[in-house]
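Next come two complexes built around subunit A: one with subunit B, the other with subunit C.
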Partner chain A sequence: MLILGIETATEQVGVAIGGHEGIIATFEVARGRRHAEILTPAIEFVLRQADVDVDELGCIAVDVGPGLFTGMRVGISAAKALALALRVPMIGISSLDLLAFPCRHTDRVVVPVIDARKGEVFWSMYRQVPGGVQQVSAPTVGPVDDLVADLLARSQEALCVGDGAERYRHEILEGYHCEISAPVHPSPGALVQLAHAQALREEWVRPAEIEPIYLRAPDAQINWATREQRS
Partner chain B sequence: MLLRADSLAATQAIAAALAALARPGDVIVLAGEMGAGKTAFAQGFGRALGVTDPITSPTFTLVHSYPLPGAKQTLHHADLYRLETTSDVADLALHELAEFGGIVLVEWGDVAAAALGDHLEVRLEPDDDDDEDDGDDDDGDEFGLDGARLVTIEAVGPAWATRWARLSSELEPFRC
Partner chain C sequence: MTHVTPDESTLVLGIETSCDETAAALVMGGNDVVSSVVSSQIEIHADFGGVVPEIASRAHLETLNPVIARAIVEAGVDESRIDAVACTHGPGLIGALLVGVSAAKALALAWDVPYVGVNHLEAHLYSAFIEDPSLEFPLVVLLVSGGHTMLVEMQDHGRYRLVGQTIDDAAGEAFDKLARVMGLGFPGGPAIDKASDSGDPAAVDFPRAVPEKPYHFSFSGLKTSVVTFIEKASASGDLPSLADVAASIQEAIVDVLVKKTFRAVDDTGAKVVGGGGGVLANRRLRHRMAEEADKRGVTLALPDPILCTDNAAMIGVAGGYWLTKGRLTDWAENVDPSMVL
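Moving on to the complex of A and B:
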């Protein structure tokens, strides 16, 4: 069975196809931030170059964030539309998992850090386990200082990856001695690999069950004193 | 800074002066009650940037986007009036629209200013001295669309620091 993976949670648009034989095609563009314009042609291109007919796809995998709201919506709605049209199940995987998975061969703590804009980042921590990585701290959103405090509190050898680590390289290194390295963007190849392992165990869901992970700041009611007064 | 616009045309001239200095990444909050002229301000702002499509209130569609001629930029016109929670505001991802080559106008943005990050606030209020028979009834439009307005412009965050002197001198004729 072939899996199509769609990844648009950061500035990158990533598409990959793979299955039993591993990854057979990938496409990544990390410039321009034109998710809506690039994604559909990218899917067509990857299918055509890999000589895969759309009917051969048995599952659609998608990066469900956290990340850019605008980017995630493009990818998740396109993935859902494809899955509904093809009547195939879906697998949603976190962008933080996708950043950590390619680093599974290090014995350090892997810390994927995604730029959340307005001076904040999304992050989580992973440990090597046989065959992959395991999340050891829940995904969090907060200012870069909070990430540094979290790193200090754990005081373990750490490897930070992701566009948030790249953007706030100096702030992080000033506060905590660690390594910052690639990958910068979640890998669509990792998405297909991880989804394939889940698909073998039939751990998939219906398109309606796929939800983006927004990880917003705590919610509050808007104070509409003005509006109530007028209406 | 506190300005006075004695007509709709003057309000839109202030909007045009602001538009001339706005750049992608800017979030501009339009505050003021019903009928204060927030949409009229947005129309003056959009026209100054070359938008030829009619600019209408986005109250029911939340965000209207207008590509700007000759530039890879977009004017986004948002309205928070129908939203109930700060996460509804976060869902609009207005700062992402700004960052991706956008200038974002947000009507009623003052109610959720903390969710918007750095921005410029433009507050429009009827100038009470202008209108003698301004009864305090609640029909929301008692001061007439073409009446005088007090316009308060305030920057939140450093985004306008380098442009403030320029803006002040452009708007000098409207000073109170």
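Moving on to the complex of A and C:
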């Protein structure tokens, strides 16, 4: 089965396609936040390079966050619409899983950290298991200090990854001795790989069951200025 | 993208998510609305007295797929017959617009059909053509809603002249503020319309603001007059009934809208008057416009009230028109929250 993976939860737009034969094509652009402009041409590009007709897709996988709300909604909305049009099932995978998976060969605790803006980060912790990684702490949002406190409380050898770890490298290293390295953005290739494993077990859902992971209540401030522009 | 030569059977899927309605519709042959589904978020925003952008975006993402699916089922057509996908790409709330546009482009890619980005304001103008696609130009169109009060001369397809607009509050916003003053609900327009039912529109003579430019509107002073009137009248013990006050407020707003619209009709020699936006669902406004149109023997092309408020049928109609002209939108084009006519 061919799976298309869409990943837009951070500043990156990532698209990949793959199946039994592994990853066939990937596309990643990690500059700026032009998700709405890049995504559809990127999907078309990846399909063409992989020589796959859109009708051949058997499943749509999508990064469901946590991440930048507007960015992740661009990817989730496109993914749900594709699944609706092609009448295929979906698989949603967390951005934190996608950051941790490429680090599955380390015996340290893997800590994906995603920039949540407003001085906060999303993070979670993973440990190695046969064939992959397993989440050992629930995804959390909070100030960088809370992440450092969490690391200190566990005091295990840790590997921090993600754009949040990159942005707050200094603050994290000042509070806790650990390693900060790549990947910076969730990998669309990892998305397709993880989704493929789930698809083999038929662990997929209908588009309506795809739940974005926001971790933050909506900012209930009314944007009167923007409201003026509606009709 | 494949090329489409549009005809009577051309089927366009319209999508609208610019503010607080999630909508999808199928339009055939340019103006035949075969299905129109609108899921309103009004209830979830009512507690805030206005639209909360982040809540709106989340709700659009959750509701859009089912709304599109229902529009297709209600139309009773096979989705393989859809020739193009049209979607509002401005103006509106940026996060809300992105949900619709991202879905629209993905559908267009999956079905291998063109995508047409539609200006929401232009779509309101095009709703005049739903009943009669052969209306004669120029049209004078009154566009009144919670965010807009504009008088537009539509000289031809795609050619517009802004005749006048509000210098402060939009008409719908004035209704919202005044309904709040009177303790009626949100949104204010329907609340005041309903409260006015048995009222006398001539009970209180609220001032009609006359801005310097003959076609401009101003509604911000009305709130002060109403508050002052209610205070004075309560103190002296001659406060009219709620229905009378509501009907008089409504009349003050409607009066200005109707007078300026028909002044523009007289000045331009237009033979057709159109309208769009939620305020045009107001029964008194529709009645007064019908009277004035009758007097002059001009055609009044107001869409059904349900097509005045935000909907996707008008997006499908406007999008279908641009499809016939070959004006398609590139997948790399972004949304524009502050798009103008």
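The rule we apply is simple: the second predicted complex is superposed on the first by the 216 of 231 C-alpha atoms of A that agree within 3 Å, B and C clash if a C-alpha of one lies under 4 Å from a C-alpha of the other, contacts with A are read in each partner's own complex, and residues count from 1 in each chain.
Convention: contacts are C-beta pairs under 8 Å (C-beta built on N, C-alpha and C of every residue); 3 or more make two chains touch, one makes a residue touch a chain.
Given the structure is predicted, the values throughout are model-derived calculations rather than measurements.
**Q** When the two structures are overlaid on chain A, which partner does A:E37 contact: first (subunit B), second (subunit C), both, or neither?
**A** second
**Q** A:Q134 contacts which: subunit B (first), subunit C (second), both, neither?
**A** A:Q134 sits against neither subunit B nor subunit C.
**Q** May I ask you to decide whether A:T70 touches subunit B, subunit C, both, or neither, giving the answer as first, second, both or neither?
**A** both
**Q** Between subunit B (first) and subunit C (second), which does A:L82 come into contact with in this model arrangement: first, second, both, or neither?
**A** second
**Q** Looking at subunit A, which partner touches more of its residues: subunit C or subunit B?
**A** Residues of subunit A touched, subunit B against subunit C: more for C.
**Q** Taking the superposition as given, does A:Q156 touch the first partner, subunit B, the second, subunit C, both, or neither?
**A** A:Q156 contacts neither subunit B nor subunit C.
**Q** Thinking of the overlay built on chain A, is A:D219 touched by subunit B (first), by subunit C (second), by both, or by neither?
**A** So A:D219 meets both subunit B and subunit C here.
**Q** Should A:A208 be classified as contacting the first partner (subunit B), the second (subunit C), both, or neither?
**A** It touches subunit C, and subunit B stays clear.
**Q** A:Q49 contacts which: subunit B (first), subunit C (second), both, neither?
**A** Neither partner.
**Q** Of the residues on subunit A, which ones does subunit B touch that subunit C also touches?
**A** 69-70, 214, 219-224, 226-227, 230
**Q** How about subunit A: which of its residues touch subunit C in the complex?
**A** Subunit A reaches subunit C through residues 34-41, 43-44, 54, 69-70, 73-82, 84-86, 207-208, 212, 214, 218-224, 226-231.
**Q** Report the residues of subunit C in contact with subunit A in the complex, numbered from low to high.
**A** Those in contact with subunit A are residues 18-19, 48-55, 57-58, 61, 64-66, 68-69, 79, 91-95, 98-107, 109-112, 120-121, 124, 143, 145-148, 170, 276-277, 310, 331-335, 337-338.
**Q** Under the touch definition given earlier, write down the residues of subunit A that touch subunit B in their complex.
**A** That would be residues 33, 68-70, 117-118, 214, 216-217, 219-224, 226-227, 230 of subunit A.
**Q** Looking at the complex, which residues from subunit B come into contact with subunit A?
**A** Subunit B reaches subunit A through residues 33-34, 80-81, 83-91, 93, 95-97, 99-100, 108, 111-112, 115, 117, 138, 140.
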